[in-house]
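As structure tokens, here come the structures.
Below are two complexes that have chain A in common, paired first with chain B and then with chain C.
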Partner chain A sequence: MESLGIVFALTGAALAALMAGIGSAIGVGMAGEAAAGVVTEDPNKFGKVLILQLLPGTQGIYGLLIAFITLSQIGILGGSADISTAKGLLYLAACLPMAFVGLWSAIRQARAAVSGIQLVSKRPDQMGKSMIFAAMVETYAILALLISILSITGIGGLSI
Partner chain B sequence: MAKLPMKRVEIYGLKTRRKAILEALQRFGVLEPISEDLSEMGFEKTDTAKSAATFAKAEDTLKSAIEVLDKYSPEKVPLLSMLSGKKTLSVSEYYNTVDNAGRALDIARELNDLSKRNYELEADIAKCEGAIVSLESWSGLDIPMNFRGTKKTAALIGTFPEPKTEADILKGLGDALGADAANDPLYAADVTVLHSETGFSNVCVFCRREKQNEIEAALRNMGFAKPQYVTKRPPIEEKARLSEQIGADKKQIESNKKRIETQAKHRDLLKFMVDYYAMRIEKYETLGDINQRDKFFVIYGYAPEKYCARLEDELTRKYDAAVEIHDAGENENPPVLLRNNPFSEPVESVLETYSMPGKFEIDPTFIMSLFYYFLFGMMLSDAGYGLLMIVGCAFLVLRFPNMAPGTKKALKMFFWCGISTFIWGLLFGGFFGDAVQVISRTFFDHEVKIPALWFEPIKDPMRMLIFAFAVGIVHLFAGLGIKFYQMVKDGDIKGAIYDVVFWYLLVGGGIAYLLSMQMFVDMTGLGFKLPPIGGKIAAICAGIGALGIILFAGRSSKNPAKRVAKGLYELYGVTSYLSDILSYSRLLALGLATGVIAQVFNQMGSMFGGGVFGAICFTLVFVIGHALNMAINLLGAYVHTNRLQFVEFFGKFYEGGGKKFTPFTANTKYYKFKEEN
Partner chain C sequence: MAEQYTYAVSRIHAREIDLLSAADMEQLLSSADYGEAMSYLRGKGYGAGAEYFDFEPMLKDETDKMWALIRELIPETEPFETLLRQTDFQNLKAAIKAVYTSEEAADCLESGGSVDPELIVEAVKLKNYSELPEFMAETAESATEIFLKTGDGQECDIAVDRACIETILREGEESGVGVIRDYARLLAALTDIKIAVRAAHTGKTKGFAERALVPCSGLDVGALADAASKNIDEVYKCLEHTDYRDAVEALKTSMSEFEKWSDNKIMELIRGQKANPFTIAPVFAYVLAKINETKAVRIVLSGKKNDLEMGLVRERIRDLYV
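On to the complex of A and B.
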């Protein structure tokens, strides 16, 4: 049982990268379809819609970030991988906010981005505002990221 | 740091000088005309739509001619040349070119014509090639394909939709015509199968003229049909003719191409003429909106005050016009033109994407620019990336002094953001992530580390978080401060106290009170704690603030109960302060994202070990990885800095709603024209 700690911790890291990554992949894909539609009408809008397409991509990066911090904390990237089961479960729990919120917010943000792309296709001057609509959703991914980071960096100091 | 004051300008000119005055106004480009209807006072407007349409047609002809040139003889454009901006022509060069421009439309028409003819020739070639392919299977036929037979004999030339042999066809004929016909020599038929393969067969049948109908009907029942392509020549001859035709077409296309290429030397003239017509179209559109009478006309418009004197001087002295300059009236809403110092100016375009300041608002660009650069740098926070931004933007701006103003502004903005990023990178110890550490460890077996001047956020995220919140509080309070300034400026001192000072007391007192609580100080790991007496004072301040908001925020209502209810609702707005401050945690998240992903790439690069091979792999991973990371995080920093400005900062004081100043000027594509002094 003692050796299961590292298994749980790695599961957490994998989940963060996995679910947030899936969310971003779906999101960027959705926005990309909408963006391609706009570019068929007006190739000059490529730069603008590309930025909007990329917005739901950040969750995947946050997931990677959490996974990486976890990996370096639990010693998978060199160092001792001796972690108690309790600690392993704590790492798993710490990764969950990023995993779930990352998955969901990326998809929801993509829907805001798709609407933003449609807005830009009709009124290119409203680019700034359409970006803000999508960025509003990302706030919650950032809050989840924050909690995950604070938890992961805090677990190391616990003596259980 | 301000909006340029706008004046209302009224120009009265003689009709005989109308053209000259309009052209002068267009060259100055400092007047935004107002559309006003003075028909009740006996003024009329000229309908210029027809002339404008003629010019638009000419412009289209020229534009498509330039497209033809770009297709057949593309210009050799050096890399990054799209940044080099428009060429400058002086007024005398302009008039010289206009005088020689008579031929431009003829050249353009010829080019369009040549290109159209080439399209037709290419279509013809495709048609001929198709015909040759379909004739391929008819090579065995040595009579013309449309041969109908002689007086006594009928020739049936056609195809079956399946492979057939002569025996098949004869048998089919025999079955269809019946036993009587089999023995009747009148029904004799001579069948030649010229070609047979899966899917079709080509056949030539001879029979007696009087039985042609019966035999043809029988054949049709078996699927016989006329060939798709019929010629009056034997197929071999026709093929030769078609090949010749293709050769001739190709030659013609080549010669057309050559002609287009020789005409490419007129490209600059065509471009000039596109601009010329664009300017004329604009001029005529403005002309169509001018109020005119028998002998004179009036133009109303807005112009920035600082240009008014020169405008008046030029127009009265050179063009005998009368110019009156007034302040804009009470219910007028003059357009907005911003003017800021070189440091803040680039951020104007960010403000513009939100909204121009409204009539009674001040221009927040300067204060916004300070925070903009500060926050952007904090989010990207890598000295290496900052350095790249500084060098890249500076190089481009200096290399292409003529570039389009919008691009230049953006590059300058990223230049300042780059400086901020560089400084934050040094403070947080990031130079391409931990590149120095990884390189020295992997290739020189001796770890060197650039120490952070302040602290490393990844090692102490809580400290960074608190710092981010502190930055957020300063940012929000600065926004409230601008609101205070604006209200005092408008003479609403009471309102400034009710709407700003009470909030300062409430939020500031609340934060100070938190700092006096042991639990909060422990949680955040702050090194200091306010003494209990400080906590008490803070609590009292917050109480006064809350009470003030309850009593005065709803002051627009006369009914006291309604007023307090409104005040309570306003007090509930304190939750928005909480979420606003929490929103600044993105400073930590995005800062960490840059650093950690950079570290991931460095680590991936170092996995190949030391030595020459390792160095090559490391360089490859390093370049690609950091380019990617920088691009993504630049985008992230840009978007989220904008968000913090638009949502959190502007939410406190800014409404916008002004209209951007768009003067009557020459919106050209290729050239700009310089006024000679």
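On to the complex of A and C.
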């Protein structure tokens, strides 16, 4: 193989989807356990706790988005897949913010969501506040998403 | 990562809203009579839905219901069995006395422990302790020996009570759960204080106090034993230099005031667990809260049944978890 660029770039895309996906799977699962506990005691709270359960799921979607953009940029989904090793490494680096922040923020958001679910179980009128607590963590996943998107779309224009 | 109990804790937090609040307790205290108090509790879901005329069966059903929930949530109930040790060892004392003195002591056997009271009686009767659980077998043998050799029920009680607290302390440390360990330590300290005060009031020797007191954190049991052998003021003085200095005020009022203070201290210890979302600690705290609530309800209902002045009853009500 003449260049390892495509290997690095694909590794980056895979990591973004993989790590953010793992984070979301752990997070949604954890929040799901809490939600099931609350619904066992009070089935009427299903709608409220479901929203909180879904919050840590967004990182997985962001990871998928980054992987998809990367794949289309490097020509895996069509076009020429001939990219230099340097560009491949840049794509890998560009995917890492979403990969790591996605993994970690999904798990931390799940902890906030679990606490929120337990708060709603005792005080349903505090639903809005419990959502805000969990949603605050989302900020950092969005920042990572933004940096990854900007980097990935910018790399194409570089002549290296 | 420590073991997580997200589902169990969520269910327990959802159940916490069913615990009696201070307002509920006030309502209970101000009910017109015993019947109205009982019907208020039935309305709050107390008992197993049956028509109760006496409050003890209702409280027993309520406790059984709580344990059934705990067993459903956490099948490995070992951490919670620490809470049953006092009943277990109480039954051991009653069994020894029932077998070797009078049959009436058998009336003191309580259900709700982790060991079947009949099994304890049988083991003591046959002097075959192999069927008893490990934590109790050795104590059962030695306490029976003490009783048979000396005929002194108090010495036997000291040996059993000491083993009880030592077991609770050991299990608390082994649980690896902060709140269980802290509860065990607090209970040991409170029990030591109670023993020291009683020893001082009854003029016991230093040797007696040393045999009865269990070493625990926060208390210098050597100094406490020494103080207990002198007089009650020395015990108060000794406590003034510990984390339990607030107990002195309560002790000066009465022993029941101290017991209320002790229960409030335990509630204070566990109250923070209401905001803990993952570990087993909130489930343990819930069990303690429920035990404390049952104790408070029993006090009120006894007062109502015996037409006691509610002001007196109110003074004895412990702080509640919620």
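Everything below uses one rule, namely that the second predicted complex is superposed on the first by the 158 of 160 C-alpha atoms of A that agree within 3 Å, B and C clash if a C-alpha of one lies under 4 Å from a C-alpha of the other, contacts with A are read in each partner's own complex, and residues count from 1 in each chain.
Just so it is clear, a residue touches a chain if its C-beta (ideal position, glycine included) is under 8 Å from a C-beta of that chain, and two chains touch if they have at least 3 such contacts.
Quick caveat, the model's predicted, so the values are computed rather than measured.
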item: Touching partner for A:36 - first (chain B), second (chain C), both, neither; value: second
item: First, second, both or neither for A:86, with chain B first and chain C second; value: neither
item: Touched partner set for A:114, first chain B, second chain C, both or neither; value: second
item: Touched partner set for A:122, first chain B, second chain C, both or neither; value: second
item: Touched partner set for A:4, first chain B, second chain C, both or neither; value: neither
item: Parts of chain B lying in touch with chain A, wherever the complex brings them together; value: 350, 353-354, 458, 461-462, 465, 582-583, 585-586, 588-590, 592-593, 596-597, 599-600, 603, 632, 635-636, 639-640, 642-643, 646-647
item: Complex contacts: residues of chain C adjacent to chain A; value: 4, 6-17, 275, 277-278
item: Residue numbers on chain A that touch chain C, as the complex places them; value: 30, 33-38, 40-42, 111, 114-115, 117-118, 121-122
item: Complex contact set, residues of chain A against chain B; value: 51, 54-55, 57-58, 61-62, 64-65, 68-69, 77, 127-129, 131-132, 135-136, 138-139, 142-143, 145-146, 149-150, 153
